[in-house]
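Take this structure, written in structure tokens, and hold onto it; I'll ask about it next.
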Amino acid sequence: MSVPAKEKASSFEPNIVAFVCNWCTYTGADLAGTSRLNMAPNVRIIRLPCTGRIDTLFILKAFERGADGVIVSGCHPADCHYTAGNYHARRRFAVFRELMEFMGVDPQRITFSWVSASEGGKWAEVVNSTTEKVRELGPFVSYPRVAHAQVK
Amino acid sequence: MRNGEAAMKVGYFPGCSLHATAREYEESLKAIAPALDLQLEEIRDWACCGATSAHSTNHLLSVALPARTLVLAARQNLDRVFAPCAACYNRLASAQHAIEHDKKVASQVESILGASFGHPIGVLSIAQLLSEMTDRIRSKAIVPLKELKVACYYGCLLVRPPEICRFDDPEAPTSLESIVTAAGAVPVKWDKALECCGGGFSLSRTASVVRLGRSILRSAKDSGAQALIVACPMCHSNLDFRQRAINRSAGDDRPMPVLFISQLVGLSMGLDPVRLGLNRHFVNPQPFLSTISAGRVEHREQA
Amino acid sequence: MEELRELAKKLLQEKQVNAVVGYECDRRGVRPAFVDDPAGCDRLVFDHRCVQNLPAYLSPRRTNVAGLGRLAVVVKQCDARAVAGLIRESQLKRENLVLIGVRCGGVAANPNESRELGAETLALRCYGCSGTETAMADYVVGEPKTVPAAGGDRDARLAEIEKMSPEERLALWKEWLSRCTRCHACRQVCPMCFCERCVAEKTQPNWIESSPHIQGNFSWNVTRALHLAGRCVDCGECERACPAQIPLGLLNRKLAKIMSARYGFAVTDDPSTPAPIGSYRLDDGQEFIL
Amino acid sequence: MSTSSQPLALSAGTPHNRSLSAQILDVTGLDPARCYQCGKCSAGCPMASEMDLKTHEIIRLLQLDMRERLLASESIWMCLTCETCTTRCPNVFDPAAVIDALREIVLRENPGLVPRRISAFHSAFLDQIRANGRVFEFGLVASYKLRSGALFADVDSVPGMLARGKLALAPRRIEAIQDIRRIFEQCAMERPR
Amino acid sequence: MSRIGVFICHCGENIGRTVDCAQVAQAMGELPGVVHSVDYKYMCSDPGQALIKQAIKEHNLDGVVVGACSPHMHEKTFRKAAAAAGLNPYLCEMANIREHCSWIHEDRAEATEKAKGLVRFIVEKIKYNRPLSNIFIPVNRRALVIGGGIAGIQAALDIADGGREVILVEKESSIGGHMSQLSETFPTLDCSQCILTPRMVEVAQHPRIKLLAYSEVESVDGYIGNFEVKIRQKARSIDVSKCNGCGECTKNCPNKKIPSEFEQGLGFRTAIYVPFPQAVPNIPVLDRDNCALFKGRAKGVKKQVCGKCATVCGRRAIDFDQQDSFITEKVGAIIVATGYQLYWIGKEQESEILHGYGEYGYGTIPDVIDGLQFERLASASGPTGGKILRPSDGKEPKKIVFLQCIGSRDRAKGMEYCSKICCMYVAKHTMLYHHKVHDGKAIVFYMDIRAGGKGYDEFVRRAIEESHALYLRGRVSSLTRNGDTIRVQGVDTLSGEPVSIDADMVVLATAMRPQPGITSLAQKLSVSYDLHGFLNEAHPKLRPVETNTAGIFVAGACQAPRDIPDSVAMASATASKVLGLFSNEQLEREPLIARVDRQTCTGCFHCERVCPYGAVERFEVKDRKGNLIKVIAEVNQGVCQGCGTCQATCPSKSIELDGFTDEQIFAAVNAL
């Protein structure tokens, strides 16, 4: 199997899914909105109660379904609404990230961040920088995707 | 504890003063060692630890000089090195501590010495060494010291700083007391056991040494002690050789004999005071020796 | 060998156990043996071909084995890690088991190995192993043996892949994983895969496509490896069992390396050691988190 | 510390990484910011009564980055390194080590500031080691007197010392003296003058 | 097939300006399962809500998606509207197209596309929503208060006065705690006993307070609203129902030389004793370790050695054979108010991180006492009748040195924190001393004066200006004996001068530490604690009296060093929290919690390990004959808070979090 060349399209708009916790990042994203911080429209948020709830299967499935990038974000250490969900998530994603890297998924396609309810600005930055990074990497067509079900 | 075991062998680092101003310290150590089944294996071609002059002026030098000795000890297959002088002990123990805990300094020193450190060396003070042998000391103490009251003087470096020494309590030590008790003497309670004697300032700031010695000697005398027990040649020199000046400045002419702990242990074994070097003291030890019916020494008054 | 047989006989005769799980010879090499009759104990063998991880038979998923009641099991040091894992995860009770620890001296990569044990034939998992018995053993049999010197760096391949570019790595894994037929032999042979219903078979929702196509294969193998992170006992049976010869051991070794580097965890035969996933430290590394 | 009549001219312009504090942190691993000025070091210091800057004041000047005043102070040369301050410091700080580091900085940057008697003693002492590997006390005393100018102090003790066999008249040199020379060279020894 | 209604809100211009709402509504209407899709100016307005209600009825909707603002803003509003129309509220969800879309984008086409995506996520998700009903947890409206010091007393009285029953557990034989030992209190110098005793009596007489003195909490089970607490009632050797507190036994006990704990060792008590005259309950306790009779029994002497107390007791209340007994109480909330102890400077310490003060003689120097001992000396009911006298020789000290921050703010001794109350009580001590010994000199070594509080700094100034206490800023290096005085080797850092003082007495303001045994109590309660054993509050600012375990609260010095006003304020705060909790018979909770699939759970208990609340329990699955088939996980509904960490951890996906099930998330991701 030949190594695919850099998958780039000049007018490429990446598809990015964000899995975020309800208490910190979701609220932080609300604040970004209330503050009218302009950001890239490529990121769509799926709300979960806690980063502890975010399964690695979500990310695999997102890539399978055509996501070019994924953001996972939640409360800073010590701020978890459920006291420890983010600590468990931190280990889970540290391991996941290294394994994916080992299997050839560019870790730049997955952004992990702690964004608190007061960090609207940081959320905008995470969204923009991730979009930029993934845009540069190009569409993730080399990922073993399922046939793209067209529901649009 | 190593009490009751067969012969114990430790590396021996006499340090410069034990070959000169504190000859009696070495003499007494060599005199008591056989009775305690203690084998002192001198580190071949050891050099000075650098003392205050090194650590006050060049940190690297203050580690490198004693580190060389530690390397030599490792080459002699020694696990533990005994440094009778409290100041040498402090320098050797500090160097060992730096080797183990300060990687940067350790590698610098390795390159300076052109040698690498072998196994870690345990550095022993006399307090630590003899307190491991109190059972033997007790069993060899044949001369009743007749409730002899002594003040145990640790000075500053025997148990301090705690993270270097990792032995005894830095504020309320008991090791010297346990040794003199084993030898049959009675330690008094006094509160200057850990005060500094002025150490390396004997030559350069003699007045300070006299001031510090005054407070130590006064407290020892007030506590009812008949002798002051020391474990360091510098302390000995400052309190024995300088005692006449100290007493003169205090207007107090009561002499206080100052003995190395090894000398006291030797006396309890019935060893000849001359063999223990008591004739080399500046304060006349004779009245004291008489109270415990030990032998006589010829004493020459200080000019 | 006699020592092992005598011990098995004694345990069965005294009714200490209902069966002994060990190894016996078959036409090509050795295979697992279940002996419930003292007379059958003479079948038992132990040598460098005894590769299989017998505790895999102890998981409650194997209802036919679980039905046997109290068992004695022949365990190498590496096998005992599986016993420890199963106890840690409430799948086994120590008191229902008699562990016969063998001093093994290393095993071959293949139970049908006809050659002597040496650098060439030695199983990868034996590299660097002391070959001594497990501390968990109730009985120890055999004379102390030495494990032959390894035939090289066990993780040379791993290091090689780590040096590749992401594109090269992805291509490599796609090539390997496209061979996967989803026969799930890796799962069947794994002592730590004891779920009643594997996530791969869950249909509502169907996280992992069940047909053997690369997309589902990728998710399946990533998920299988992740589920074993910090739990894999490094017996190598999955890779040995894989008919498509996918180097699954690489994934397990990579995870073991991550566990060790990040959380100081190494798989052990001590059931009281907590698993690294499911616990945390306040100062766990988070250099990858913005 | 009350001797200066000038208001403190705090060198606010010096970036923290070039301050004396930062230098000390680099050399000793001890951060002077750790000290909260309780003074327990000075309270227990045997030399405090003779020092113009007490131990805690030395640390205070460090915190204020009063480099010149601090390095010119004779007090840093009065520390006996008896470790009382270090042993008792509630902040697990190590004033004795800091003072050693300050001395080293003075020797390197401005050796002229070292008090004569002190530098005479250290030079004499280290010269002994450099020459013989060990300290030869008679030589040490003689050399010190020449350097310090304190020619007649303690001369009356020499006969007593000699009579008790406590002074050797000729030095004994260790065999591997080249080791010692190498150590001195490599430690880039700045000799006090 | 679902029957979903989609409602796209313009939010005036807020959404409509950048998102083509009509287009979004139209696109959604084309999705399979959507039977009704409209846009409207203000969905949250009454007409907007009416639109939803009407559509539910008209189109028989089984799911409602509102594309509008953040669910944090209006999820409750729309769920309520749905419920009003007869739809289960959990079948209504919101898609955030305002904060997460219209407000952050400018390009109308892009924003519209994105809004479609966001709403589609929720449309796909809601197809898998299940009707859920809120969980009701019965609340046992009785409270347990652990600790009968001033904080516990206050909490118990507030709750009892509020109409609820309280069980107050105190480990000593009397309530009152440390406050009962104090002479006078800062900053008003009113007598501690005078203000405390009436409250103690009130506790004893309150019809709704059950006082269990000389008792300790043995174990705690359950969760908020439903705790079951086992309490050990230690054997007093007294039949409480018979004793009338006449005091004859105490008077006649031959062993009168036992150092009194209440007097901090400065006075004596008998073996059968009441700790202090105002004790509540006023019933003695027999100290078996010091009783001649029990000592005789321990030695195996057959004959009864003593028994005087029993002989003189007219009511035959003494029971030498009494054993510890246990009772179980069911309560809905627990308040922990176990208070503090003072750090001791001795060589032996209770934990490895603590160290003693060798430089102060490790507590062996006579007439070096601590703050509580000084309180007893200054107390009119104390061992000296309120005279300040030296414990060693009974002489009146003319020079007292007070040392602050002993242990506190001392990393080397293992306590880096400030004990908060010492600055104030040392100032008080200097005043009391000045009032009692007019020619006495009080000298205080301090590091900083921390007198933040109403009237506090003024109080310290009075100590300095009116009582002429000499304040020296510095720590003391050493305390040594000097004849019959104590040599204090200190420094005044303000003048820069070392100071040496020969004091007649030294009073150490030693650090406040939590009670011994606090960590084992905390473990029983599943409440977290810090390095020093102080209990952790749920949030340092916003939830200062709650703990991370619902239904358990903290008051007073068990949480951090606290003075009396702070402790009392905290106690009242916990009482109001408890009364709030008790204002309903049931706790109503959102049903977004985890549940286990019993079929597929294998019982590996990964979920148990990651659950931050200990909500996972073990459940035994048995066949009809009662044979154990397997042990699996079960979620306690009262304890689960719905984080879902268990679900992400479960290897076989046998545990599901309602509201965020795998099917729901899967559907959303599939809608990408």
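Which chain is which? They are A, B, C, D and E, in the order written, and residues in each are numbered from 1.
As a working rule, a contact is a pair of C-beta atoms (placed from the backbone, for glycine too) under 8 Å apart; a residue touches a chain by one contact, two chains touch by 3 or more.
A quick note: this is a predicted structure, and the numbers were derived from the prediction, not measured.
**Student:** Determine the shortest chain-contact distance, in steps, between subunit A and subunit C.
**Tutor:** Tracing touching chains, the least step count from subunit A to subunit C comes to 1.
**Student:** What are the chains that subunit C and subunit D both touch?
**Tutor:** Looking at subunit D and subunit C together, the chains touching each of them are E.
**Student:** Looking at chain pairs B-D and C-E, which one is connected by more C-beta pairs in contact?
**Tutor:** It is B-D, judged by the count of C-beta pairs in contact.
**Student:** So, comparing C-alpha centroids, which chain is the farthest one from subunit D?
**Tutor:** Result for max centroid distance from subunit D is chain C.
**Student:** Relative to the centroid of every protein C-alpha atom displayed, which chain's own C-alpha centroid is closest?
**Tutor:** Located nearest the centre of all protein C-alpha atoms is chain E.
**Student:** Quick one: which chain's Cα centre is the longest way from subunit A's?
**Tutor:** The most distant chain relative to subunit A turns out to be B.
**Student:** Approximately how many whole Å separate the CA-defined centres of subunit B and subunit E?
**Tutor:** 54
**Student:** Taking each chain's centre as the mean of its CA atoms, how far is subunit D from subunit E in angstrom?
**Tutor:** 53
**Student:** Report the inter-centroid distance (CA atoms only) between subunit A and subunit E in whole Å.
**Tutor:** Using C-alpha averages as centres, the distance is 38 Å.
**Student:** Distance between subunit A and subunit D based on Cα centroids, please, to the nearest Å.
**Tutor:** Inter-chain centre distance comes to 59 Å.
**Student:** Give me the residues of subunit C that touch two or more other chains.
**Tutor:** 199, 207, 277-278
**Student:** Got the subunit A residues that touch at least 2 other chains?
**Tutor:** Touching at least two other chains: 56, 61, 84, 88, 92.
**Student:** Would you mind listing the residues of subunit B that make contact with two or more other chains?
**Tutor:** Touching at least two other chains: 170-171.
**Student:** Could you run through all the chain pairs that touch each other?
**Tutor:** A-C, A-E, B-D, B-E, C-E, D-E
**Student:** In the complex, go through subunit D and note every residue touching subunit B.
**Tutor:** Answer in residue numbers: 27, 29, 46-47, 50, 77-78, 80-84, 86-88, 94, 96, 100-101, 103-104, 107, 117-118, 120-122, 125-126, 128-129, 133-138, 141, 144, 148, 153-154, 156-157, 159-161, 163-168, 172, 174-176, 179-180, 182-184, 186-190, 192.
**Student:** Sort out for me which residues of subunit A touch subunit C in the complex.
**Tutor:** 1-4, 56-57, 60-61, 64, 77-78, 84, 87-88, 90-107, 111-114, 122, 126, 142-146
**Student:** Inside the complex, what are the residues of subunit E that reach subunit C?
**Tutor:** 599-606, 609-610, 630-631, 649, 651-654, 662-663, 666-667
**Student:** Subunit E touches which residues of subunit B in the complex?
**Tutor:** Subunit B reaches subunit E through residues 169-172, 191.
**Student:** Can you tell me which positions in subunit B touch subunit D when the two form their complex?
**Tutor:** Within the complex, subunit B contacts subunit D at residues 16-17, 19-23, 45-48, 50-61, 64-65, 68, 102, 111-114, 155-157, 160-162, 170-171, 194-196, 198-201, 203-206, 208, 212, 241, 279-282, 300, 302-303.
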